[in-house]
C-alpha cells in the first residue's frame, strides 16, 4: 500500500446489511479506495463501527442521509440496498459522472417484464438498464471495463454460471441443455440481516431444508445468462437449500453428457477456460472443494466428477456467498472499471479454521 | 399410558413461542393431560402443527382467540405469554376454578415495587400475587401442591437457586454471602422466538458475548428467593452470557467458604439435600456436567469443585433452559398441583448426541 | 407402560457409537424391552452412563466383554458394530434361538461379490445372508415379521428408497429410470463417533462439502434394492454431502417424468402408498420439510415438487439419520419381529427447537 | 507491500496444527516475511496447501523433515509444536544466529520445577530459558525487542494478564488480590487439530461445559506473570469452559474493589494504560465486546463493568484465540524482534458476520 496510489472516492448506499459490512471490510483495506460516504436514512448519525463492531478503530464513517452524503462527488457508488433503490437514484448519479455498482437486482435482468414479474415493480430506468453490464467478470471482462453501470450478479447465479460456462460457450454441444440440475446450498447470511423468525439461530441452527423450490428470483437471472452463453434457452432445475453456517455457498450441478461428447476431456476444458483467472480455481480432477477453503476470500473453486466414468457430469462449485458471491465481486468490478489490478484489495487468504 | 388414567384438561395461552411449543411437546406425551385449547389472537385458526412442524400428526389443535377457546372449562391454564398477560386474566380464571401456571414473571416477585421497576407496569392483582407460590418444586414442594396460582421460575434463577440452596438453607453459615458470583451461560432459545437481529443465526453463531451485565430481570427474582433461603440479603453478582447453541444453560457459581466452614463436606451436604429428588442429579465430586447431557429432559445436574482444595467453592449447574428452566418445570408443578406422580410426562431420556 | 407387558430381553453388541447410544435411549424407554447386556471389549466394566451422560440415572448397565455378556440368553441382539462383526457371531446366536438385527452392512447386500468389493472382506456366512431380510419396514413388512436376521438399512438408502418406491413399484413406467439423481445431505453424526480430524468441530463446523462422489458404500445397497423395486436396473447418481449439524438427513431426488406419465397425480400416488404408514409422512404438495421437524423421532417426511409444472419431479425427503435412518428403524424392526405394535417405544415427539 | 522491503526468512517447525495454519495465513500476507521452510516429519513432501485448502494458490511450500529444511539459514523459527520440541532444538538454532518464537510452553514458565510438574518432563535448557522473554508485547515490549528466544503466551493467559495488568502494575492496591476469579470461555480450535472424540462436531456442537476445573496448565503460567505484575502472589481461581464456536475466547474476570479504592476511575485507568496500544481496545464503559468482533484479527477488546455501582469489578475480555491468543501475537513478537512496525502483516479487519 503506497501513499502515491490514486484513491477512488467510494460511496455506499444502504450499508446496514451483510453485503454492506463486507464492502466496508474489503474497501477499508483496499490500497486504491477511499471510503467517503455511507448512507442509511434510518441510522443517520450512527458510527458504522457501532453497528459492525469488527470495524472499530478501522472505519470512522458515520451513516448519513442520502441528501447530506454528497454521493455526487464520489467516483463510484455501491448500492447495498433492497431491490428498487439503485434504479431510482441511477439517473442523478450518472449525470454527475458517478459510476454505479448495484448489488441488488435492478441491473441484472435485461427483460423488464421478467423483472416486474419477480420484483413486483416496474423498472424505473430501462434506458440505463440497456447500457448496464452484467458484472460477472470472468464472462464479461471487456464490457465491465467500459461500463458506467454494473449489475452485480446474485450469489447463486455466480456459482451456476461459472460452473456451466465452459460447457455452453461457443455453441459447444457437450451436454443435454434441456435438463440441467443445480442443487445449491447457501449459508444463512445469504438471507440478509433482516429480523425474521425463519433465520433466527434457534430456527436455522442444527437444521437443513430446501426453500424456494417452486421458484426463486435467481432463476430468471441465471436463465437469461445461460441463454446468452449457449445461444439458446437452457432448461435448468434450480433448488436452493439453507445450510446452518454463516458464510459459504456450494452448488452441485448435474449435466448429462451427450453421446457424441463422451470422449471430451472436461478437466482440460475447464482448466483451459479458467487457466488465467485469478479468482477461479479449477481443482485437480476428483477434488472435493469445501466452502471453508474460501471463507472471507474472493476465490471460487470448481471440481469435476464423472461417477463411474459414465455420462453424468457432476460439477462442484464453492464460494463465499458474501465475497465472490456479492461484495468481493463488486470490488473486482470496481477494479476493472477503474483500470486497477483486478485483485487490488482482494488478496486476503481465506480464514481456516 | 392407560386409558383409565384421569385426564387433566389443559389450556395454553399464547403458545407461539419456544416455551409454548415445548409445553405442547411435553403435554402431548403426558399420560394424564388432555390438550384442550391453545390461544393466539394473531394466529387464530392456524393449526399449531403448521407453526411447529415437529407436532405434525401428533397435535391436532388450532390456535383460537382467548374469547372462543373456553379456557374457563380447563382444569389448568399455562401462560406462555409476555409479562403482564397472566395477571390480567387470572381473576376470571380463578373464579371458574381454573388453576394457573404462569411461565412469565407476573407471579415470581412478591415485591410489587420491584416488579414495577423491572417490568414497567404496575401489578394488576397484588392479592392474587400474595397467595401465589414460587414454583421451584425442590424448594416449595408443599406449597405448590396446594396452590391455585404458580409463578414458574425463570431459567437462570432455577440454576442459581438449586445450585446455592444447600449452602444457605436453615441459617447455615458456610460461605461468604456478601459476594457470591454467578457466571451464567444460556443457549439462544432463551431469547425467545422473536424476530430480532441480535439472535439471527448470522449474528449469534460462532460468537460469544456477555449481556445484561448492568442489570437483568432475573436478578431481583433470585435476590428475593435467596433472601428467603438465607433469612437475610445475599450479595450476588450475576453475569449472563449467550452461547451459540439452541438449548442449554450452564451456571458457574463461585462462593468463598468461610474460615470456620473449611472442613465441611460439601459433597455430602448436596447429596443429602437432593438425594430423593428425581430431577436434581448431584454428580460425583469433580464431575464435569455438560448441557447436552440434559438436552430435552427435565434433569438438572450439579457438580462441586474446590480447586486446589482451597476456600473457593465452584458449583457447576447444567439444565435445559426450555425444560427444567421453563416448560418441564411447569409440567412438574402441574403434576404436584393435581396429585400426580411428579415425573408424569417427564420421563424422556435426554437426546445425545 | 404396564408392568404386565411382556419384556423382550435385548442385547447390544458394540454400543460405544452413536447408533449404540441411540438404541440405548430408545430401548430404555421401550415398554416391552428389557436391556440385558451391552458389550465392548475395550470398555469392559465401564458403566454406559459414564460414556453417555444422558443415560445417567436411566441405564444402569455396564459394558461387558462378549464372552461374559450372556448374549445367548437374549431374545434379540442388535449389532451396533463395524462391518464384519455381526456375520462372525451370527451362527452362534442363531443356534441359541437369538434373533439378530445388524445396523452395519453385513446383511444388507445379497450380492456377496459386491459386498467383498466395497467392504474388503469375504462374507462369512452366505447361507445366513440368504435367509436374512432387508429391514426397511415399509417395503418388507411381511418378511421382517418372520425374519431371524435383519439387515438394517443404511441411512442414505432409507431416504432414497422411500422417496422413490411409489414411482418404481409394480412395474410402473412413470419416470426415466436411467438417470435418477439423489443429492443427499447428512449431519455429522452419520460419520460416527470415531476420533478423526475431518469430523472435528473446528473442521466440520461452518463448512459444507460433498464427499464420496467417486463412490459410496450405500450406492450398491440402494442399487440392489431399486432393482428389486423396479424389476430392472435403475441408473442412479448419488452424491452425499456433509452438513454442519449433529443429526438430520435430507435427500433431494430428481426424476424426469416420462412423456406418457405427465398427467400422473404424483401427490395422490404417494399419499395412497404411504397413507397407512405411521412413520412416513407425505406432506401436502409443495411443502418444505425440515430435518429439525423429525429430530430425535422416527418419522420421515416426504414432499413432492414439480417446478414450473414441467417434467422434472423433485422429491424432498427428511429424516433423523440416527433414528429412522438407524436405531429407530432397528427398533421398528424388532417390534415387527416380536409381534409388538410397530410404534412401541417410538412415540416420542420430535424435539424442536 | 513494496518490493524493496527487507524480507525476513521464516521457518516453521510443525505446522500441521491450527496455530501452524494461522501462522501461514498471516505470514504469507506479511510484507516483510518470506516463508522459507516448514517441517513435519510425518507429512514430509506434502504440499501444505493439500492439508490446508485455504492456502491453495497462496503458499507453495511443502512439508520437509527437520533435517532437510535448512532451518539454520532462517532468521527466525516459529515452533508450532507440542510442548518439549522447541527446547530440544533451541541450542542448535541459536548457535546459528536464528531467533526463536515458541508457541508452546517451553519458554513460558521460569520455574522449571513447576514446568516439570505440569508438563511431565524436565526442562532441557534452563540456561536458554533464563534468557528467554515472555512474549506478551503489551507488558514486555522492551525485552522482546532484544530477545533471542520468546515464549509466546498461552491464549487464556493473554486475556487474563491484559485484563488485570492495569489493576496490579506498579504496586497498586485497588482490588483484593487474594481472590480474583477468571471465568474463561474458549472456542474449540483451542483444543488443537488432534483427532479426539471429545472435540468431534457431534460432541462439542450444541453443548457447553467446563473443563480442567481441578487444574489447567495455563494456571501456573498466569500465576507466575501475575506475581511479577503485582510484586506478590495473586490468588486466582481460573475456570475454563468450551464454547461451540471455532474461534474466539472470552474471559469474564471478577475482582473485588478494596474499600479504599472505591473512588477509582477504572475506565480512565485502563484507557490510559492501553491508550497507545494498537491491538488492545478499551471500549467505552458498559460496552459488551463480542468474540466475532475480533474474528481472524489480532485485536483484543476490554470492557469494564461495575454492576450496581458496587465493589465488584467485572472485566470482559475478548480475543481470537488463534490470533492475539497465539499466532498473531507470535507475529507481533517477530515484528518487535526485527525492528518492524508492530502491526506489519496484522492489519486485517476482523471478519463479521
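Letters are used for the chains, namely A, B, C and D, taken in the order the chains are written, and counting of residues starts over at 1 for each.
As a working rule, a residue touches a chain if its C-beta (ideal position, glycine included) is under 8 Å from a C-beta of that chain, and two chains touch if they have at least 3 such contacts.
Owing to the predicted nature of the structure, the values given are computational and were not obtained by experimental measurement.
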Pair of chains joined by more contacts [C-beta pairs], B-C or B-D: B-D
Furthest chain, CA centroid comparison against chain A: B
Rounded Å distance between chain B and chain D, as computed from the means of their C-alpha atoms: 40
Mean-CA-position distance for chain D and chain C (Å): 46
Centroid spacing, where centroids are CA-atom means, of chain B and chain C in whole angstrom: 36
Multi-partner residues of chain B (at least 2 other chains): 18, 187, 189, 193, 202-203, 205-206, 244-247, 289-290, 292, 295, 353
Parts of chain B lying in touch with chain C, wherever the complex brings them together: 1-2, 18, 21, 25, 28-29, 52-58, 189, 193, 205-206, 246-247, 281, 283, 289-290, 292-297, 299, 301, 322, 347-353
Chain D contact footprint on chain B (complex, rising order): 179, 181, 183, 185, 187, 202-203, 205-211, 213-215, 237-239, 241, 243-248, 250, 252, 254, 256, 286, 288-292, 295, 305, 307-308, 312, 314, 316, 318, 353
Residues of chain B touching chain A in the complex: 18, 187-189, 191, 193-197, 199-206, 244-246
